[in-house]
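Next, two complexes with subunit A in common: one pairs it with subunit B, the other with subunit C.
== the complex of A and B ==
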């Protein structure tokens, strides 16, 4: 492996370590019994089967959104629409889960299919605007997020709302529509297996298939891609559809895997998490699994310290910002990289 | 104090691990013209970037007039009396000559720029250095030679005593080069020191007092120009003797493969850059287009390859109009295109050699089965090309962006030529490429022509155009102004007259370019 590539890995590791150290710092500043809290933060997530289960189940939606963003980033597109898609695909998938009567296996399959189709349908808009008119996908997708939240809440309020419950939630899903649990004693569901399978599929798609080749060439140098005869507009649209489908799946899988009803009343935040995870993973789909587990470990840890001591869970958002900042800062550790590379040459 | 400037044991290692300079020594005497020569990738540009403060050296010291100095930016270097004229001009095209020269040091009248004062200042300056320019002309409308003068004046206006010229003659016609040389000698007489980067050996011999030769990131040595012959200089640059002559058999022209008829084009500045251009290229022939850059060649090739859309006239490739084809359709024919700008258009820098070398046919049966790419085949193919073109790299997995310019170009040429194209458009195929790589590329183009490929060669390098072309057209101001059935008896001086628009052929002769 070249030093350049090893350096990227080292930098990522350093960023992760810095994030954890900052967590320590916050704990030391805020907590009455800092050592105890740090121990809880780092180790308690691994102490019981249930907590390990928490890590896994938290990682599932993060893997899907990380994959969606990795595909986007590989094409050099910065589309944060996964956020809105999680929400709206949750809504459309939930409608399927609430009304029709279907046998198990087929039922959740249909829900996921509807979620994925919703995601694709939504992505057509920023995709076409970008491919045909060159509209910034960042702007259009952020606008779409707000629109989708509004539309979704309207449907939730007027069509799906369960009047017997005080809070804003939908009717109960039919039992047959729920994703089966795979590890008794935890809430780990079939969605985890689907996530792993899709990580592998996306890896093959991006790095082994001709479509992935087109995406990577467009992402690296669009002028070169069109010079080579690649239809750049088509690739941009393909990328949007693929990322939309995966984000849509992530949204509905989270709903029918973890909940009994549709419970989100605001954007769930997974789209933005996906951007961070894809960055951590260097846009490698297999790396996305690891990055998702790292983030979900931090989350479960933060949640546990919050419950057992005086540290607010909001700490986690600070950590995430730090990770994004360090990884996206190209010049971070640049000096060390330079002297390290100089040493190799000598 | 013998030297005005000394660079001692300079080393520079770039962030991608490439050592561009290793223990380089370079010095300048006051009032000399010093040629810095070497193949591309030998480290000349890097050394000058260090001198001009654009890159910090990893090691070594710079001594200017006996004082050690360290430049943190070009601004620093300029303050110390060093000026540089880059190969690609750094001018604001929509500004006038005067505005460009005073940019950043404008004479003020209250809060406004004192334009009248600026024009007067430029007039004095050009008189003093014998560099005549029209101070009030808009830069875009000026020919390349004048733009270069503006660049030189820009440096002089900032008090440059040491002037670095990076391949100043690459963009000039022979007559313009002569004018430049007169100007340089005039500057020298006034006590300025000039660093002249070039790889055209006859020019170096003609203009310079001393020569520093660089080869693979090191200095080979410094010589008095009068003590070395052209042949010796060439050997020092190459490190060995090399025969770069190309054998040329008589052409056997076949069917018309490229037909350009009545093509005109108006660009976004409403300038008519192509005026009723017509010509034809038959298989088995190399059709050369010579001309100073910026006379419509780029636009012509862009129209042929669909980077720009054709409105007036028609272009047929293999009998089909480009209007009815997408880039992909063109690519599906046996078609090769070596683009002028290899980095912008010809490669994905962060991808491997293997992935770059198949980009024009990644979806053919050869490399793609059931939608999946066959990386074993790709590796095999890439390695064949690495061998054939002597691409210097660590393997087919290396990213193309890590290679030197000449080796990048070999990857591009390998991709565009190894599928036996019937039509090849070669746009400045050896610009910025070292002698060895240029020889390999020339040999390949000649080989394709012998196999019956129709080659359109667009080149600003007259030497190359004369060496390869079977027939040669000269473009000036968007028109074909001259056409030669064969290149026998032609030389650079003669072509120069047409390139500068001083002479032109009659309509009858130019019409023969259509090769009916």
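== the complex of A and C ==
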């Protein structure tokens, strides 16, 4: 492994450590029993089967969004549309889960397929506008997030809303549509296996296939890729469709894996989380799994601290912003990088 | 349809357009300044939220609306400064930095709201202050126009002034020239001795000040309390307005006003049973459509040439 690469790993580790230290700091400042709370934050997530289960469940949607963003980032595209896709794919997939009657296995499979198809359909718009006409995928995807939220809420309010429940939720999903539990005593569902499988598939797609090679070429240098005969427009569209399908799957899998009804009334935030996960993982699909676990450990820890003392779980978003800022900071620890790499040369 | 026109052609409705446009004007001018400088600030939403919280909390703490406004601006500038520090000095990608600030704001404000008010929803239990409304002498007594234009929050008039400020800044001052040069051709600007980093930092700080005013308006004018995620997408609408207005201060202001109308409309038609969920997407649909048309035309022109 080159020192350049090990340095990236060290920087990531330092960023993670800083985030944990800031968590300590917040706990010490706010909690009446700081040492106890820190212990809870660090260790209690691993103390029982149920809590470990919580970590795994929380990681599932993060893996999908991290994968979607990793594909985007690999092609040097800045499309944050996964956010809106999570919501709208949750809606369309939920409509399937509510109405038709189907046997188990086939039923959730169809829901996921519809979610993935929705994600792809949505991504066609920013994809084509970028690939063919050069419109900024960042702006179009941000606009689409809000449009999809509005359309989704309209469908939820007018088509799917269960009038017997006070809060804004859909009718109950049919039992056959729910993803099966795989570890008794926890809520870990089949979605976890699907997430792992897709992490491997995305890895193969990006690093072992011709398409992946083209995507990475375009990501490194679009002009050069185009001169060497790569159809850049096609690559951009492929990346959009692949990321859309994965984000769509992530949305509906979270719904039918963890909930009995559609329960989101705002954008769930997983799209933006995905950017953080992909960065933590250095855009490596296998690394995405680890990054998702790290973040969900932080979340479960913060949740447990919240239960035993007065620290709001929103502490987590402070930690997340620190992680994002430090990891994406190219020049963070740059001074040390230089001497570290020079040593190798000597 | 009668009910609809009755609702729209009232002085109250036109008054409400100016009211809802106020935060959009501030935020869209913030977007213009930062984007022209080549550092697209997508943290408008978060910075406004931070300012809204700071305004509420410090006006409660010091029992003074002015103190609230001061700290709203202070924390907005601080947030913009953090963004500038990381993007310009540590070379964090500006978009990712924006995501980080937004995440910090949406969770962080709830975190502190809970610590000070023991509530994760609103701050109504804290007696915070509001900035005063201003009646313009003479104009206020003109029929129809008076009730629409006069009697607004002081920040509403400042929002209009911020458009003029942004226009003059960018078109008439040396700093404005530098900002535009740095955004267009950083290398060229650098070669004639303009510090790219410094100019972009100033642009981000200015956009922070604007967001500070916009956020202060939310909790100390638009309503008199802070509630979670109360900026509710205005930062994104401002980005939309800026994209539609093609970075020009006046075009952006006009688009903001248009989006303000859509916003006021969505509030108004909700009482008629119209689908407000869909009405709320109008600004975003318009922007998407505008962008699509613009880039397709640019593409065709480039191809014909």
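Keep in mind that, in the parts below, the second predicted complex is superposed on the first by the 346 of 346 C-alpha atoms of A that agree within 3 Å, B and C clash if a C-alpha of one lies under 4 Å from a C-alpha of the other, contacts with A are read in each partner's own complex, and residues count from 1 in each chain.
Basically, a residue touches a chain if its C-beta (ideal position, glycine included) is under 8 Å from a C-beta of that chain, and two chains touch if they have at least 3 such contacts.
Owing to the predicted nature of the structure, the values given are computational and were not obtained by experimental measurement.
Once the two complexes are overlaid through subunit A, subunit B and subunit C fit side by side, free of any clash as defined at the top of the document. When the two structures are aligned on the shared chain, A:210 is found in touch with subunit B, with no touch to subunit C. Applying the stated contact rule after C-alpha superposition, one finds that A:220 touches subunit B and leaves subunit C untouched. Shared-chain residue A:139: touches subunit C; no touch with subunit B. By the touch criterion defined above, A:318 reaches subunit C but does not reach subunit B. Once the two complexes are laid over each other on the shared chain, residue contacts for A:32 go to neither subunit B nor subunit C. In the superposition on chain A, A:228 makes contact with subunit B only, not with subunit C. In the superposed model, A:129 lies in contact with subunit C only, and not with subunit B. Using the contact criterion defined above for the overlaid structures, shared-chain residue A:164 touches neither subunit B nor subunit C, since it reaches no partner. For subunit A, the partner that touches more of its residues is C, with subunit B and subunit C as the two candidates.
Measuring from the middle, so to speak, at the Cα centre of subunit A, the directions to subunit B and subunit C differ by 80 degrees in steps of 10. No C-alpha atom of subunit B lies closer than 5 Å to any C-alpha atom of subunit C in the overlay.
Under the contact criterion defined above, no residue of subunit A touches both subunit B in one complex and subunit C in the other. Remark: subunit C residues 40, 42, 82, 86, 89-93, 95-97, 99-104, 106-108, 110-111, 114-115, 120, 229, 233, 236, 239-240, 243, 275, 277-278, 280-281, 284-285, 287-288, 291-292, 294-296, 298-299 touch subunit A in the complex. Residue ranges of subunit A in contact with subunit B, taken from their complex: 2-4, 204, 208-211, 213-214, 216-217, 220-221, 223-231, 334, 337-338, 341-342, 344-345. Against subunit C, in their complex, subunit A makes its touches with residues 30, 78, 80, 125, 129, 132-136, 138-140, 142-147, 149-151, 153-154, 157-158, 266, 272, 275-276, 279, 312, 314-318, 320-322, 324-325, 328-332. Interface residues of subunit B, counted against subunit A in their complex, comprise 13, 15-19, 58, 305, 307, 326-328, 330-332, 337, 339, 344-351, 355, 359-360, 362-363, 368, 371-373, 375.
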